[in-house]
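To start, I am sharing the structure in question, which I have written as structure tokens.
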Amino acid sequence: MSLYWTALLLSALSGVPGLFTARKGGTVSAAMLTLAAACGLAEAARVLSGGSRWALQLPATPLGAAGALAFDPIAAFFLIPVLVLSACGSIYGIRYWPDHHENARRLRLLLGLLTAFTALLVAAAHMITFLVAWEGMAIVAFFLVITEDREAAARQAGWLYLISTHVGTLCLFGAFALTAGATGTFQFGLLPAGFATSARGSAAFGLFLLSFGLKAGVLPLHYWLPSAHAAAPSHVSSFMSGVLIKTGILGMIRLLSWVPDPPLWWGGTFVALGALSGIMGVALALGQHDLKRLLAYHSIENIGIILLGIGLGTLGRSTGHPAVMALGYGGAMLHVLNHGLFKGLLFLSAGAVAQATGTRNLDQMGGLAKAMPGTARAFLVGAWAICGLPPLNGFVSELFIYLAAFQALPWSRSPWPALALAALALIGALALACFAKAYGIVFLGAPRSPAAAAAAEAPRSMRVPMGILALGCLLIGLAPGLAAPALDRLLQAMTGRPAPPLATLVTLPALTALAGLLLALGLLLRRWAKRGASARDVPTWDCGFDPATPRMQYTASSFADSLVSAMPWALWPQVRWRKLTTLFPWPTRYESHLPDPVLDGVGIPLLERLAHRLERLRFFQAGHLPIYLLYVMVTLFLLLLWTAV
Amino acid sequence: MAEPVLIRSLHILLQVLAVLALSPLIPGLINRVKATLAGRTGPPVLQLYHDLAKLSGKAALFSRTTTGMFLAGPVATVAAVLVASLLVPFGHLPAPIHFQGDAILFIYLFGLARFLTVLAALDTGSSFEGMGSAREVTFAPLAELAIFLGFAALAKASGSASLSDLLASPGLAHARSMAPSCLVLAGWAIVYLAENSRIPVDDPNTHLELTMIHEVMVLDHSGRPLALVLYGASLKLMVLGALILGLVLPRTGRPWLDWGAFGLGQMLLAAGVGVVESVTSRLAMAKVPQFLMVGVLASAFAFLILLV
Amino acid sequence: MFCDSLIALTMLTNFALVTTSRVAKVIQLAVLQGIILGALPLAMGLGVHPHILAMALCAVAVKGWFIPFLFRRALRRVKTQREVEPYISYGASVVCCALGTAMSLMLAHSLPLAPGTTHPLLVPAGLATLFTGSLLLVSRKKALTQVVGYLVLENGIYLFALMLVEEMPLLVEAGILLDLFVGIFVMGIVINHISIAFDSMETHHLAKLRD
Amino acid sequence: MAWYLILLPLAAAVLALALPRGSARVRLLPLTAVLHLAGLLAALGRGGPLRPGTWLGLDPLGGWVLLVISVLFAICAWYTPAYLALRPNRDNRVFVACFLSFLGLASLLAQANHPGLVWVAMETLTLATAPLIYFNKNQRSLEAAWKYLMIGSVGIAFALLGTLFIAYAAHMGGIREPLYYDRLAREAALLSRPWLRVGFILCLVGYGTKMGIAPLHTWKPDAYGETPGVVGALLAGGMTSCAFLSLLRIQGLMAASGEGPFSRGLLVAMGLFSMAWALVFMVRQGDLKRLLAYSSVEHMGILLFGVGLGGPAVGFALFHLAANALVKCVLFLSVGNIHRSYDARQLPFVTGAIRRTPVSAWLLLLGFLAITGTPPFAPFISEFNLAVLGMGPGRLWPGLAFMALLAGVFLAMSETLVKVVFGTPSRARARTPYRDTFGTTAPLVAALLLTLALGLWLPRPLAVMLRSSAAMLEAHP
């Protein structure tokens, strides 16, 4: 317990010393957050390896509000990415956001607070505590998103995030109201049997889904996410994407742990939402030109994958198939951790790229693998993992979820398992396309702009955190057996009864062995291919014409065009160009842009129209005193009428 | 495990050797059939062995633009397909390595190969290779979807996610699973043609960069890397062929007979591809997704039939 | 009997008020109504209580002298003396006033009265006068006419208060007197400020603050 | 009964009128505030039940409201000297006198145990605050004062009629003068129901106008918009609380006479309507002070909603009274500071406040977060619990509507505030010499800290007071 509190205090205060020193504030904050991570991880490891869990009841205030914390395996598991990513982010921040930046001190202070609130949230065992941590985290994150508030885009993104998260919190109010009404207490705990299937239970589920869905960025509630992740400083984006949106998943897990009998349709809803988020998330990512927006859409996709796992697990639980439950939930949870690692890694390397080139526009980049080999390798590991390709960690968690779907197929009369299967397959293939694009356009080929040509490698303190995260990806990918016991304990804490151990459901050693074989074969063949004679200073094949210029390379837009334009009904791409009509045409431009269908397609026009309608009601306050007095009389009259009726 | 370990090891050894040594035969067979149907003599069946030997001794060219990624494409293709070959049963014996989820690993290994091939293509900075890789990643999702839906249909009965179980399902022999199996077969056949860059999806023998898909991605490879590319392509033919053959081959119950049937099946498959390539023409690029969509729908219907 | 006719007279002044367009005339009518109401407690035979007598005298003094004085002073400062096109035309005002009076009668009818009430007409009359005051407030454009409307509204309350004045003198007198003195006094001051600041008493000058 | 609570501020007001020097007058404010607060705490500490049958007395309900007002006044009084120093060309004689008499009259109102006396206090309060609104002495503030006075007076006239109706209801029931509230509550069963109902409606409209619930709130944006921020704070936190208290007294009678369900339904409906109506005008509201005025309308709606829900919600509504008063104080004063710095309070002109007046901008932002129910500030406790109780057993829609409206309000307010606080100050707008100083920010910080403290911990005596106040409004026949 004291280790947890040490971690909490250290993170909360990590930005404070920096307020009083002119320099080295970043180093101090990084040191404190790293220490916090060490303490917190030790505690998490203790609980996840079967150590005793603890709970703490805070004293009740006279108005009846109390609080409680419980450090169970769920909390311990979710604490891991929180502390790892904040420590990595703070180390990265030393040089990425150095002291001379306008907002450096504020940023460090807030990053520490964000870590502390999130760490508090994972252990919250009482609705008030949960809400305090939840909202604290959201508000601090808002300030972080709006760090570069001189830019209109950042302000807009921050506002969008703020209102979304607050609406989510209000939904949580309602959901807690309904559940507290059923249990009679604000304490987290089992809901009475039958509540989940009642009308109030369904309403509560809907509100929970809204709230946690908004936080997690489940489509169509994801609309705030791309701009917020793009606007925030990269190490904050990495924390937000890797951890903060996962708190929505944490909420869903907590909810499922209170419900002894989730109805079948809950699982179906999760699967349907997961498939929608996953496929649309990655499809929208394909059309992005902004590297960080692209990554942000991939967060939506990965939340979709996690939801698929949760949905399958819930289906298995509702129908009494413990193996499906264990595989679904286990895969989802492992993917939470995995996504934290590789998405954190991707955002950190994307930040390094953006800093080196001064732009986030993919079409301005190219050839950076030569100038920034370390960053390129880090990004490649992240891309490899996020596509779910063996032998990295993304494959392991997706494999679990696939297996859950396969095992659910024989007994399920519903289309959900097959939908999950198809969605996962499609997501995997599209993600591959998207990251082939991202890595290929950014790091390979020739530089497309002078800025890209002049880019230099990121400093070591920025590459070290990337290396740590990349190692994490490799470790889980090569030895998934290490994570299995922790996941088993997590599942037991979640469902209240022992689930079949994951190690019996998946042959994890085979994965390790095959991964080894694959690497060995790869290295062997590579050596063989390199050993032959070679000529290195030759141009790329140009069909025997003039040498190709960098501008002739495929761009991000052209690479994705065939996929994006294949789905106009879902993505609504915007293309601007003048058709060539004459035989000797003038130079022309072609621009393609993929707005967010929910935000730009529906949300903003709808709100715009609503606001316009409401503004028309302003004539009620037109400044004329007699009219105002008339309102008083009319109110009186209507109320008297009410009394008479 | 009634089967003696020795026999089992022998089978595994045989499978590995067959993959390593015999797969370059398949492109030769296909070309031979095509030539015969066109009334030409055509290259010898063993042409690819000659080519590989020749390319191993040649110098490789590496463009100035490229990085280490350029080599990763061919290398990863061969490595990934070799590993994948261990997961698929040849004949009706269980695959050398089989476990729950090997079907998924199988597909994802092909994904890995594709990922690195595409990156290797983009590494050259050539607009042709960018075009080829864009096409590759556009068509691949449909192909993967068709395969997975086929898996779903096959797993509807067993719930297993191992290729060795999936392909051992009753298949064509059983009346109830006859129609779904036919549909899966149709879907997978389309994927087989697409993944191996055959007509009507792609033309391996074309010489016009603008119309290529896979070939244009490997345009810059030469020497040993090119050898790996060619070898990898033949491996893919063999391994994906095994997937299809698993569905159609009759079950004899006798291992050696199964081996024979498998060998014959691979040859017939190659001949079939040759015939298809001879009698059909290349689809326009815009039609390719529709063609693949037919495969997806076939697999999807196979599943839906089982659901009702 | 006499007192009932006074009450009826009050209601007549109501009608007169809503049809009059000249501001000075409106003030005169308000003064008249004030004096009638001042006389009413005496007519009801409540003059025996010295405190009620004092209240009535005060009311008459304020309504009959002080308020007209303030108003006329403000009126002198501005030119126009006629209410230009009220929000509700004079004809419609009369109809409204009649409807309001009818509704007041209905409302009063539905409220039970204490046994032994001697002047049941006070309730509907009070409500009708209240309504008239409200009508003037919402339909007139001049600040001065509006204050007159407020005065009439107060008269309505005063009428109702007479029902209670014997039983609960403290409550009633405090309320009535405070309202009269302070309310109208402060309004008079503000009216003066308005006429100085805007050189007019049209309320459309006073509609700058809006959304 | 604590006469000195009433007399001290009134005497100070008279003194302020008499004092020749403005600087001395200004010093009266904090002095009086501190003495008043100390006296009030002493009176509350002495405690004891209300002596029945007296005109004035400090019962828990009145005590709670007066405590809120006294604290609010203390913060405003602490702030005012620094503010008035910024306006040296304004004569502050009337301002200070009215400011002080506000406190005295509020003390009278809170202690009044008689409907007539409550009404008298409310009426004088209205009149005493009118000159405060006219402080700027320009056409706009005159218009605001005029509207405030007219609408308020009409409302208060209805309240008088309502009071008379209730008196008549007592008369019908045979209850004689003096009509002390405690006595009326005891004998509430005797009251004539029809008169009581109509009386309640009239008082709801009357005092509701003073509270500023929609659609009776029309004076509010104008009045709050044109006064100095400190007056806005006093009105939004203090005067509305007084009007609310006046209404609560009647509501207590309704509950005691068994008319509770009738009045509660009405209060919930009016509360939700106020919130919705305020929301309509907060959308795209670029004027900061008007925005706050509508927020005040919204929070009056929340108070009514809470009281209307009944049961434990009443306690939270009363708690919200305090929370709202304190946070409104922070908001109005910080907006006032920003107004001083930019010489404007509308959106296209006021941007990037965090760079010009960093402290005020942060306080504005935090105050906004607090008022919209962000934990752990005090309004969170009340808003969360009201939402929970609005979805209590047997009902779902009041709570859902409440939350939807809170969400809408947050959306509308945040749009303006994010634009105001963040970004870069517009170059076109000249900068006034105003800078955030200790005097203009410390009171705000104190108020915000107090809000935070209330959100985390409510001292036991206050909780007891709150509980017995709620019990007074939930009496059963």
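Note that the chains take the letters A, B, C and D in the order they are written out, and that residue 1 is the start of every chain.
Definition applied: a contact is a pair of C-beta atoms (placed from the backbone, for glycine too) under 8 Å apart; a residue touches a chain by one contact, two chains touch by 3 or more.
These figures come from a predicted structure and were not determined experimentally.
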Intersection of contact partners for chain A and chain D: C
Pair sharing more residue contacts (C-beta pairs) when C-D is set against A-C: C-D
Chain whose averaged C-alpha position falls nearest the assembly-wide average: A
Where chain C and chain D are represented by their mean Cα positions, the distance between them in whole Å: 31
Inter-chain centre distance, chain B versus chain D - centres from mean C-alpha coordinates, in Å: 77
Where chain A and chain C are represented by their mean Cα positions, the distance between them in whole Å: 68
Distance between chain centroids, defined by C-alpha means - chain B, chain C (Å): 98
For chain A, residues that touch 2 or more chains besides their own: 618, 621, 623, 625, 629, 640
Chain D: positions in contact with at least two other chains: 146-147, 150, 154, 198, 221-222, 281
Overlap residues in chain B, where contacts from two or more other chains coincide: none
In the complex, chain D residues that touch chain A: 146-147, 150-151, 154-155, 158, 197-198, 201-202, 204-205, 208-209, 215-216, 218-219, 221-222, 262, 266, 280-281, 283-284, 315-316, 319, 354, 369, 372-376, 380-381, 383-385, 387-393, 396, 399-400, 403, 406-407, 410-411, 414-415, 418-419, 422-424, 456-460, 462-463, 466
Touching residues (chain side chain A, partner chain C) in the complex: 618, 621-627, 629-630, 633, 640, 644
Of chain C, residues touching chain A in the complex: 87, 107, 110, 134, 137-141, 146, 203-204, 206-211
In the complex with chain D, residue positions of chain C that touch it: 110-112, 114, 130, 134, 137, 143, 146, 150, 153-154, 156-157, 160-161, 163-164, 167-172, 174-175, 178-179, 182-183, 186-187, 190, 193-194, 197-198, 205-209, 211
Residue numbers on chain B that touch chain A, as the complex places them: 56-67, 69, 71-72, 74-76, 78-80, 82-83, 86, 97, 99-102, 104-105, 107-109, 111-112, 114-115, 118-119, 122-128, 130-131, 133-135, 137-138, 140-141, 143-145, 147-149, 151-152, 155-161, 209, 219-220, 223-225, 228, 289, 300, 303, 307
